[in-house]
Every structure is written in structure tokens, then in C-alpha cells.
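In the two complexes that follow, chain A is the common piece, with chain B as its partner first and chain C second.
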Partner chain A sequence: MTRYDVIVIGGGHNGLVCAAYLARAGRKVLVLERRERVGGAAMSEEVFPGFRFSVFSYVVSLLRPEIIRDLELPRYGLHILPLESTLTPLPNGDYLAQWSDHDQNRRELARHSLRDAEAYDEFGLVLHHMARAIKPLLAVAPPDPTSLRREQLFDLFQLRTYFKDLGTKRFHALHKLLTMSAADYLDEWFETEALKATKSASGIIGTMLGPRSPGTAYVLLHHYMGELDGVFRAWGFARGGNGSVSAAIAASAQARGTEIRTSSPVSNVIVRSGKVRGVVLEGGEEIEADLVVSGADPRRTFLGLVGEQHLPGELVESIRRFRFRGSSAKVNLALGELPEFTCLPGRGPHLRGATSISPSVDYLERAYDDAKYGEISRRPYMDIVIPSMLDPAMAPPGKHVMSIFVQYAPYHLNGGWTDAKREALGDAVVDTLSEYAPNLKGAILHRQVVTPADIERIVGLSEGNIFQGELSLQQMFFLRPAPAWSRYRTPIRGLYQCGSGTHPGGGVMGASGRNAAFAVLGEPP
Partner chain B sequence: MTAVVIGAGVDALVAARLLSRSHSVTVLHDENPAEERGWVPPPVRTVLKNIAVNDEEPDRWAVAPLPQGGRLELWRDMGRSVDSIHRVSERDAARWPDFCARMARLARFLERIYLDAPPDPLGVRFAVRARLLGKEGLVDLMRLLPMPIAELLDDWFENDTLKGILGAAGIMGLRQGPRSGGTAFLFLHHHVGSPPGVFPPPRTTVVSETDAQKKKVQRILVNEGRARGVVLAVGTEIAADLVISALHPQRTLLELVDPVWLDPELVRAIRHIRSRAPAFTTFVDAPSLDHLERAHDASKYGTEGITALSPVAELTLDQALWMRPVPELAHYRTPIKGLWLCGPSMHPGPGILGASGYNAARAALRG
Partner chain C sequence: MLKKTPFHERTAALCESHSWRRWAGHVVASSYELSHEREYHCIRAAAALFDISPLYKYSIRGRDAARLLDRVTTRDVSRSQVGQVLYTGWCDGAGKLLDDGTVARLGEDAFLMTAADPNLRWLQDNAVGLEVEVEDISESVGALSLQGPQSRRILEALGELPALKYFRRADTKLRGMPVSVSRTGYTGDLGYEIWVSRDNALPLWDALMQAGRGHGIMPAGMLALDMARIEAGLMLLDVDYVSARKALIESQTSSPYEMDLAWTVDLSKPSFVGKSSLEEEARRGPQWRFVGIEVDWSSLERLYAEVGLATRVPQAAWRMSVPLYASEQAGYATSGGWSPVLKKYIALAHLRAEWAAPGTALEMEITVEHRRLRAAARVVKKPFFDPERKRA
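What follows is the complex of A and B.
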């Protein structure tokens, strides 16, 4: 029987990244995936004959460039196509478009507000500097500020030096960005409602917070972090859908000797006298290893796979308090023809970019109001892309696929999720979008609605949270997923975590998987 | 040496009294001194001797009707509160003493920070202080500050009425609902100065009838980057070596001072200080968190948000501690030499009576 150095539970993108880095360092790695294919929430599927969808996550924004480089992902089939614009249709028949071309963008903004057009460049510069300041923290294993151990104190001191070196001005700017609401932050810069709303929308994705709630501003940075790396601004689309991201990482890992077993759900981690010994599959098969890395979310890892009996009470309590509360849904449409937006008719370049239904901050806030009392947003926020415009292979000739990210669709829905509620969500989305593109209803050939409950059931993300736990300030850095356990380790010797539920988490970034691999190897990333 | 203090509140009074030990002080204000409520820290109390300070400490600090009939009552006496909570939830009653102890520990931490200029978050002193909270206390602090009060209360309790009562302390004076981030910090802020288990803001009242002259200040005189005194609305000039203003920083620096003396970036930051009128200005016995949240919903839309202003800078995490009201002014000092700021819009914020006056005057005297 093959003896493995490391078992990675879960073949999501972070698990695969972690496995690939471990394999690269010469470890014999086995990845165990519950489903019949790898990718977790980053996967593509031919949902309807001829129509391929990135069923869950649908854009590549933050995939770390060092991962792309280290794992040679382009060699294994990763090809990112840029999304070059964001169109925000407005109820009055006008629109706001943001273009990647600087001059075009400026002209368009000036049409709405000269002041905003002026402020835009400075805003970009400030956020660019902030993004640069915060970027190194993505590759840090957050120390435990309560620990008195020497290496932890040393890392803490280094962190302090790092912040000191930023200078007080930047430190304060960072403080503001971390603690403000997206709406308040943008109010300091701009006056165009659609601009503020479309930008603040990035701050609410995956959370149960509205754009006016403090703590939503810092996500604005993410977009600029993408730009910093030169990955076609922040947003790109992987040819073949987001499944090809996972496929490329998996291929890279396999080329380095990693073994991947699909349809192999792990039932529990074997723990003996505080040390990990391997895993048991649901079929009863035991696989031994001295090192196990879990890519599952913190709740499933600690309360499911490990079990409370092996863990200190404090950690169990922290994990119970870790908030998931999925709030995002997907609606995937197979279309017989392209949508015709009233505000910008015809087959323009805007169809190759994203479309954002976010006409005003009030609109988003009202969508949130519905959700916080347990209802689907009557008029939800939507982020729409038409992947077949960039990659025609996604749909039959002349036909198209449309991917609609929807918020808010609370996991904790009054009365729970039923088939009827799922369709009601689909209707709310199609109805709202039809107000801007009246031909949509007639163009729909098939419709797939994915609720947070579906995400939980299919992908295994607790409460359908797309980040494996809310990315709110009280669940970040030192505290992700639990105080004192933010460095990918666990109280069980030999058991590590590598999912989005660890720092920095969120999005198809891969940083958690990479940092975890270095933690396992005992090296700094 | 001469000094002018502008403002009618306790902060102005405390600053004036501290300065009068070495300066000849003129206090000027254009509004009637209002009764102020809050917590009077012990050093401020010493300065306020012979001023009417009335402590009001009701034994029963909350009474809320229960949906099933009867009332939930919370008392200064821990045992009585536990008994009352016990009738609605055994679990909550069992958790109450621990909750109170942990909140009190954090409030004491803030209390110490409040009696001095804001700390340096990267400084050794602050780090040592935070460490002295112990492991549990430090984790509580890091976790709690950015949290919505609703989440904190959901972590601890199950009874809606109990959560409603406590939640009110998290949003009082702030245009946010209990589900907004940073409201757990406000909850702690309001707990400062109260004994464990008493969560409404302290209600000690001070009527600062002073030797102040009711005269409207028109302008602060600045010459060669230094405050030289003030000009009254009637035209009289009063020369001073030191000017301390307890007015809103926007009024002091954008109206009374000619902005040419300020860096445009600072002017912009001052203009962006948020002081929006809240849904609740006083502590209410709310029946549930949803009740508070819906009251906030009603206040957050439309133009009223722009027009309705509160006289005090909001106490949100980006306008608190070393960020209050903007980082450049957090140490009471302004770029104009000899001009200092105090008042509830400065650190430590509303409800801590006289503390900013105390801190600012001491800073000004040190120079």
C-alpha cells in the first residue's frame, strides 16, 4: 500500500494549491475529493446540453500571481480573458460605464460629474498605495497576539515594525479603510450615485452587511490589488470557466506526483493521543498519514471531521461562533440571443464586460433590508457576465450563457429554502433584469438557480458562505478562523487547515492554500 | 499669561479651571449652558468642586414588557437581575454574571485610555496595557471592537427582550442599527464608568453655570501661524496666548479660523467628519433588536440624512481614539500654535464629561 506524507482533504482550489506546493517540495501527497470532480466551488459544468457554466464562482480576480508562476499554471491550460468594462444601467434609461481604457473611462465619468472624473484618478492612486501596503500581509501567517512564545512575539514585533514603516499617514488611511462603510468612504470622494453604488457593491459580496455598515470599505482594495499584479485589472474570466482554474492547478499538482482521488468523501480524521494518524473514508477505508491538511471550512473541519472531543473547549466555542450566513446566490441562464439593454442597445463592447445592477446606494441598502429580516431581496444586487462573449465554446453557436451573481439571498430564509422559494428568487432576478433588458425573458432557454442552501448541499460550504465564513473584521487576520489558531495549525499535531476559512480567505485567490503549505513545510512563505 | 476658552459645556469649564492656575482665563460662549449627562471621571470631579454634580443611579435601570406578559427588569444588584432574567431564560441568567464581568473588564480598559490623550496603537505602552487584559480579555477586545452589537448579544443570549434592552446602548447617539459594525464598541463606550451589570450610560448631571461671559466669538485671530486671541461678534478683540475651543471642530477650524492657515488635505478631512443625527439619542427600553433595527431603517433613507445633524462627531471606529475626530487633530493640538480643541467631538467622546477638556488643557499646558 502506498504510504503518503500528506493527505489533503478537499479538492477545492485551495486544497489543490496546497497539494501542489507540497508536491513541489518533494512530499508524497494524496488529495481526497468528495465529489466526482475537483474544483469545489471553482468548477465548470455542462448544465444544459451544449451550455457550459461556471456554476458557482465565475470570475478570477485575485488568484495570486506567485501561484500562477510557481505552479506554471498557463502551461497547464490556464488562460485568463480580461473583462474590460462594467456597465451600470440606470432606471432613467441612462447608464454608467466604467472602462479599462483610462481616457474612455474619464470621458464617461465626466458625462455624469466633472468632479468625479477629476477625483477618480486620485482615488485610484490612494487605493493603489493602500493595496500595495496591505499586499504583503496576504502571505503572512498571522501571529497570536496573546501568546508569549518567542517566535510569536518576534513575528508580532515584525508586524508592528511593518506598520510603523508604513508611516502614520498610511496607517491612519488603512485604519479608515478597514473600519468605515463603503458608502461613507465613497461619499468622501464621489457624488455620482451609480458610481458609488457599483463600487460599494464589492464590499457587500458574501457578507450579511449593507453598504452603509462599517467594515464594508476595505474590500474596495481588492480590485486595486488585482490591478497591481497586472492581471487585467481585477476581473478576468478563465477560458473554459472557473473549472479550468482548478483543472490547471490539479494538473500542475499531478505533474509533481500528487495523487487525486475523487468520489472519496472523508468521514473523519483519525486522532490518537493528540496527534493525527490519517483519515477514514465514508466507505470505511482507512488511509494513514502523519500530516493531514483540511481544505474544508472551519465548522466542517473541527466540528465534523475532527470532533469536539479532541479539541479544547475554547476553540469549539470560537468555531461555533464563527459566522457563515451565506447571502449570495447564482442564476445561470442559457440564452437564445444576447440581451438588449435599453440604455445601450446593440452588440456593443459592454457585453464583453460585466453588468452591475446597482443604480444607487439606497437600492443596495434596501436589498439588504429585505435580507436582514430573512427575506429574498425583492430587487437584488446583481453582477452579470456573459462568458460566451469571451469564450464562444461555452455555448452552442449563436447562443449564449449568462452568469448572474445575486445578493441578497439569505441562507437563513424565513420558512427555509424550498423549490418554490428557489424559483421565486429566479423570478425576482429575471424580472428585475428585464426592466433593463426587456428581451431577456423571451431569450431564456434554460434557467438554473443556485441558492446558498444548494451551495451548502453540493459544494459542502457551511451555510453556503462563498468565503468559508464571513470576511468581516472580527473574523479576519488574527481571528480567522479562531484566535490562537490563525496560523494554519490546529490543536491536533499534524493537522493543518488550508481553506478560505483561514487568513486571508475569500475569492479564488489561493493564498490560504499556499500559506498553509509553507506552514506544513515549516518555512516562511 | 492669558487664555480664552470657547464653549459652554463641562469640557470648556474643566479646561478653564485647569488653565486658571497659571493663566488669566476668559470663557466665552454663545449658547446657554445645558445640563449634561454622562460619567464624570474622578479627576474631573476634583476639578469641578463646588459645581452641582448630581449622581442619579436608579436601582432598577431597565423595565421592558415581555411579549408573553410580565416585565423584564434589570437592576443595579446583580442577583436581582439574574432572578428577573431567570424567569425568561435559564440559560441567559446563567450567562449574565460572566457577560457582565467580561464587559466590565473591557470598559475598565477604555476608562484608563480615556483619561489621557489617545494612545499610540503601535506603541509599547498600549501593547502592554492590552496584554494586561489577559488572553481572554485581549481576544474579547480584538473581536468585539469591530463587531455589530447584535452579533455580540446573539453570541451570549437568546431572549429578545434582553437583547433589545442591551442593544439600545450600542446604537444610542449613532446613525446605525444594531446589525452594523462598530456598535459593540459604542456599547462598551457607554458602559465606561458604570459598575458591572449596569449598561445604560451613566446619568450624572452637571450644570456648568460658570463665570462664562455670554458673548459670541466671530473669529479666532491668527498671526504668523499662532493664535493671538479672538474677535467677538460685537467687534471687541480679546488677546490671548492660548485659545481652547470646545465647539465642534468643523465650527472652530472651518468657520472661526481662516482656512488659509490649514493644509487643504486637513480641511478636506475636517469637512468629512460625520455628525449625522441618530435614530435614538437616549437610552430606550427596546423590546427587541429588530425594533431598533427597524427604527434605524426608517431614518437612513432620503435627504434627511444630509440635513439632520448632531452637534457631536459620530463615535464610529474610524472617528474614535487616535482617529478622533481626524487623526491629525487627535491630540487636541491644531496646526495653529496655541489653538487647542476639546469637547465631545474629541477623544474620548460624548458622555465622558469633562475628560477631553481635562486632557486638552493638560496637553496645552505642557505645550
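What follows is the complex of A and C.
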């Protein structure tokens, strides 16, 4: 029987990144994936004949450049196509567009507000500085400021120097971003409603919070981080869908000797006298290893794979309280023709970018109100891309695929999720979008609706939370997923965590997988 | 889509080179003919007509208009006379330049400000508590610059041209069209800038081109202008300095003192944005200076001769960072080129104060046949070209 140095549970992108780094360091690694294919929530599938979809996650924004470099992902097929604009259609028939070209963007913003056109650049500069301030924290295991352990003190000392260098002004700006709501923060900058709403939307993605909930300004920054590597062009749409991100990481891992077994669900982790000994598959097969890394979310890892009996009560309590509350859904449409937006008719460049249904902050907050009380948003926030405009191979010639990220669709829906509720969500999405693109209904050939309950069932993310737990401040940094266990380790010796339920969190970022690999190797990242 | 200036219909028809560039979100001609050379010589020997409409223009009116401008710029605006035009920079709180432009006093309580970058939000934010109206009139006002020794005679042929001294302005009519004319320019030559409402833009262009025919007028593009403004020692935002508004790190910023604009900083004003930092800097002296550089011809000739080539010099002005060395790196040049009127290779440069005295011997990096070498150069006084007619 083959003896493995490390078993990685879960072939999502973080599990694969972790495996690839471990294999690169010479470890013999086995990845066990429950489903018949790797990728987790980053996967592409031909859902309808001829139409390929990034079924769940659908853009690349935060994938760490060092991972792209270290794992040579372009060599293994990763090609990121730029998404260069965001169109926000408005109920009055007008629109707000944000373009990557500075002059074009300024001209469009000036149409709405000259002041905002000017504030935009300064806002960008401040977020640039803030993202730079936060970025170094992403690459390190988060030190706990209350810990007196030597290596943590050293990390803390470095952070202290770092915050000192940041300067008073920027530290204050950072504090604001960490504590304010996205809407309040944006109010300080802009007056155009659609601009504030569209920007604040990135503060609510994946959370069960509204744009006026405190803490959402940070999520906005979290999403801005991808733009920091603008030169590196790590932001956009992966050719072939997000499955090709996973496929490239998997291929890189395999080229370094990693073994990947699909259709191999792990039933539990074997723990003997506080040490990990291996895993048991659902079929009963036992595989031994002294090191096991779980890519599953904290709830599944601790309460499912390990079991409460092996864990300190305090940790069990923390994990029970760890908030998932999935709030996002996906609607994937196969289209016979392109949508025609009333505000901007024709096949313009806006169809190669994103479209955001976020006309005002009130609109988003109302969408949240519905969800707060357990209902689907009657008029949801949507982030829409048409991948076939960038990669024609995603659909048959002349036809298109449309990916619609939807919020809010609360996991804890009144009466629970049923087929009828799923279709009701699909209808709410299509009806709302049709108000802006009236030809949409007639263009739909097929429709797939993915609810948080589906995400949980298919991908295994608890409560369908796309980030393996909300990106809210009380569960970030040294509190992710639990105090004292934020540095990828667990109370079980030899058992590590590498999912986005750990610092720095979600998005197809891979940082958790990479950091975890270095924790396993006992090296600084 | 980029914006088109009010003169685009005419300039597009004349732009044989199809060579366009961006300026503040607009398309403007780099050169009209295939080479910019004739256009350049018109600036110095006849008259060149530039479309400078992309400049940002702000109307500043109200009882506190002068107070606002005194608060934000480094010049003493209150003491300026009606009809006077001031060149000025303006700074952030740390005394670092945000932008530079002109402030023209149209009346006791009315000013026209020009700028290279958008400044509306910044002006409005500084106007808090003041009785003043700031309006962005960039789109509604077209602007032409007529530069060169023949420029005065061309304007005189079109109407009653008031006798304007250097950096003075007046409202007048040219061929019956109401315009404002200022004795200003960006070439260091005799010249005028003419401000006109958007509707009168094309007739004004036509009138100038027609009146200028006997005086050798040519429409001229940005390539010609760039060389002329270097000869005149005039700095350009985003080329020679970075706005403190856009700088990513502190070392990218520059103060007026560091840009050789001490003459524009009036520390006797009771207060203005950046004053305390500038006072401090004036006391200890700026660490950097913005100077003129002349590259030594014989040194260039030698470097080219070593590889068997005749000496080459850049025919069009360049805009990039070029290292300058003394015993160590002393600074960097930001724009330069071959001056046809001076027959010299000149550049504008940032130098550490200790190397900035006129006459200081330096070396400038040049690339000869793919090899980076150093040519002898020295610090010289700006402007490189300063004809008497400029102030006439």
C-alpha cells in the first residue's frame, strides 16, 4: 500500500493549491475529492448540450499572483480574459457605466456628476493605499495580538512596524474601512446614487448583510484587492470558465507528483491520542498519513470529519457559532441571442463586461430587507456576465451563456427550499432583468437555478456560503475560523485546515491553501 | 469615445498625418503634416495656431472669489489688477504641487482659472464658507493659441486689438465675434490665447486661418508645441512632475520650490493651502531643483563616432525619465530634445540641490546602438530660448 506524507481532503481550488505546494516541497500527497471531478465551487460544466457554464463561482479576481507564478498556472492552461467594464442600467432608462479607460470612464461619470468624476480617482488612490496596507496581511498566518508565543510576537512586531510605516492618515482611513458600512463609506465620497450602489454591492457579496450594515466597507476592500495586481491582469474571466482555474492547479499539482482520487468521499479523520492517523473513506477504506489537511469548511471539518469528542468544548462552541448564512444564488442561462438593454441598445462593448443590477443603495437595502425576514429578494441585486462574449467556445456559434450572481437568496428561507421556491427565484431574476432587457425572456433556451441549498448539497459548502463562512469582521484575521486556531492548525496534531474558512477568506484566491501548505511545512510563506 | 474639441471639424480635415493623441480626454493632433518640423518653425518664424480647448477652465465669481484663489494658489491674487493674468501653481496641505495653470482677473469679483487636471471638487471643497460660485466651463468655451512673431499682425487684421502687455487680457471682438484675448502662451514667444464660446468656434478658426494666410500661419500640433515649451523652460504636469493628488509615494511629489517656481510663492499672504510647509522649506532650502540641461555636442559626437556613426539627436521631444550623474546619480531629466532654433540638445531635469548650480558638469545617460552610455552635459539657465518679443 502506498504511504502518503499528506492527505488533502477536498479537491477545491484551495485543497489543490495546498497539495501543489506540498508536492513542490517534495511531499507525497494524496487529494481525496468527494465528487467525480475536482474544482469544488470553481468548476465548469456543460449543463446543457453545447453550453458550458462556470456553475458556481464565475470570475477570477483575487487569485494570488504568487500562486499563478509558483505553480506555473499559465503553462497548465490558465488564461484570464479581461472584463473591462461595469454597466448599471437604471429604471429611468439611463445607465451608469464604469470603463477601464480612464478618459472614457471620467467622461461617463461626469455625465452624472462632475464632482464624482473627480472623486473617483482619489477614491481609487485611497483604496489602493488601503489594499496595499491589507495585502501583506493576506500572505501571512494571522498573529493573535493577545498571544505571547514567540513566533506570534515576532509577527506582531512586524505588523507594528508596518502600521507605523502606514502613517497616521492612512491608519485612520483603514480604521474607517474596517468599521463603517459600505454605504456610509461611499457617502463620504460620492453623490451619484447608482455609483454608490454599484460600488457598495461588492461590500455585500457572500454575506447576509446589507450595504448599510457596519463592516461591509471592509468586504468592499477585500474585493478591491484584486485590482491592486492590475498590471498582473489577475482580474477577469478564466477561458473555459472557472473550472479551468481548478484544472490548471490540479494539473500543476499532478505534474509535481500529487495523486488525485475523485469520487472518494471521506467519512472521517482518524484521531488517536490527539494525533491524526489518516482518514476513512465512506466505502470503509482506511488511508494512513501523519498529516491531513482539510479543505472543507470549519463546520464540516471539526463537527463532521473530526467529531466533537476529539475537540475542546470551547472550539466546538466557536465553530457552532461561526456564521455561514449563505445568501447568494446563481442563475445560469443559455441564450439564443444577446440581451438588448433598453438603456444601451446594440452589441456594444458593455456586453463584454459585467452588468450590475444595483440602481440605488435603497434598492440593495430593500433586497436585503426581504432576506432578513427569510424571503427571497423580490427585486434582487445581480452581477451578470456573458462569458461567451469573451470565450466563444462556451456556447454554440451565435448563441450565448449568461451567468447571473444573485443576492439575496437566504439559506434559511421561510418554509425551506423547494423546487417551487427555486423556480420562483429564477422567475424573480428573469422578471427583474427583463425590465432592463425586454428581449431576455424570448432569448432564454435553458435555465439553471442554483440556490444556497443546492450549493450545500452539490459542493458541500455549509449553508451554501460561498466564502466558507461570512467575511464579517468578527470572523476575520485571527478569529477565522476560531480564536487560537486561526493559523491553519487544529487541536489535533497533524491536522490542518486550508479552506477559505481560514484567513484570509474567500474568493478564488488560493491564499488559504498556500498559507496552509507553508504551515504544514513549518516554513514562513 | 474620446471627446472632440469645438474645432475638431476643422482640425480633422487638416490632419494629413492622421496622428492624434489624447489630451484631457480629448483627441488632438500630434502634427497636421507628416512631420511636425514646419509647424515648429512657424512658432518661431511666422505664426502657429493651436487648438488648446482641452484645458480645464473654471469660472470663479462672487464676493469672495479673490479670497478663494488666495486660499488655494500660491500667488497674491487679491493684489492683481483687473485684466491681469497670473501664472501659478497650487499645493496640497504639505506644500506639494497639485497642478499649475493661470488665473485671469476678469473683474473685481470674477476670474477665469485654467488647469491641466480637473479641479472642480478641490476648488468647491476649499470654497466652504465663502461667497463664491465655481463653475466648470471647460466644455462651453473653446480656446485657440496663436503663437509666433506674426501673431499680433494677424489679430490686428481681424479687429480692434487692444494694446496688451505680457500676461494681460481683454475682451474684444474679432471679425464681430465676442472673444477674450490674453497675451499668454506656452511657447515662450510672442503669442496670444483666444477664448471663444463654443458656437463661435468654427467661424473664429476660419477667420484666423484666412487672416493668417499672408503671414504664413499653420495649424500646429502637440509635437511642435512640446519642443517649443521645453525651449521656453515650461514644465508639464504628468511629464515633468506628478500631482500630489496622484502620487503613490511621497518621493513622487514636488513642491513649487523644487520646480523652480519660488517666484510664484508669496509667503507674505496671511494664509494659503500648504503655506506652513512652504515656509519651512523656504527656510531650509529645497532639496531638489528643476533646471535646464545642455548636452555637450562633442561628447555626443565622440560616442557615435566610436561605433562608426554620425551624431544623432532626437528630432521630436521625448518624455521619459533619463538618469543624470555627477559623482553619483544627481537626478533625472523628464523631457528633452533637439532645439532647432538653438541648435542644441536640451532637457528639463530634476537635480538634487547640491548639483543644481548653473555650470555644474554632469553626465546624461544616452543609448547608442543598444548600449547605455553617458554623454557630458551641464546645468544651464532656463529658459533656453527667451526672445525679446516674448514680452514685447
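The criterion applied here is as follows: the second predicted complex is superposed on the first by the 515 of 525 C-alpha atoms of A that agree within 3 Å, B and C clash if a C-alpha of one lies under 4 Å from a C-alpha of the other, contacts with A are read in each partner's own complex, and residues count from 1 in each chain.
Going forward, contacts are C-beta pairs under 8 Å (C-beta built on N, C-alpha and C of every residue); 3 or more make two chains touch, one makes a residue touch a chain.
Here the structure is a predicted model, which is why all the values come from computation and not from measurement.
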In the superposition on chain A, see if there is space for chain B and chain C together, and answer fit or clash. fit
Just checking: does A:308 make contact with chain B only, chain C only, both, or neither of them? Give me first, second, both or neither. neither
Which partner does A:119 contact after superposing on A: first (chain B), second (chain C), both, neither? second
Go through the superposed model and pick first if A:175 touches only chain B, second if only chain C, both, or neither. first
Which superposed partner A:128 touches (first chain B, second chain C, both, neither): second
Please compute the chain B to chain A to chain C angle from C-alpha centroids in the superposed arrangement, rounded to the nearest 10 degrees. 80
Which partner does A:106 reach: the first (chain B), the second (chain C), both, or neither? second
In the superposed arrangement, does chain B or chain C reach more residues of chain A? B
First (chain B), second (chain C), both or neither: which does A:209 touch? first
Could you tell me how near the closest CA atoms of chain B and chain C get once both structures are overlaid on the shared chain, in Å? 6
Can you list the residues of chain A that meet both chain B and chain C? none
Report the residues of chain A in contact with chain C in the complex, numbered from low to high. 103-104, 106-107, 114-115, 117-119, 121-122, 125, 128
Can you name the residues of chain B that touch chain A in the complex? 121-122, 127, 130-131, 135, 138-139, 142-148, 151, 155, 176, 179-182, 272, 274, 290, 293, 297, 300-301, 316-318, 322-323, 327
The answer for chain A against chain B in the complex is residues 145-146, 160, 163-164, 168, 171-172, 175-176, 179-181, 184, 188, 208-210, 212-216, 321, 323, 362, 365-366, 369, 372-373, 472-474, 478-479, 483-484
Would you mind writing out the residues of chain C in touch with chain A in their complex? 1-3, 22, 24-25, 118-122, 124, 136, 245-246, 248
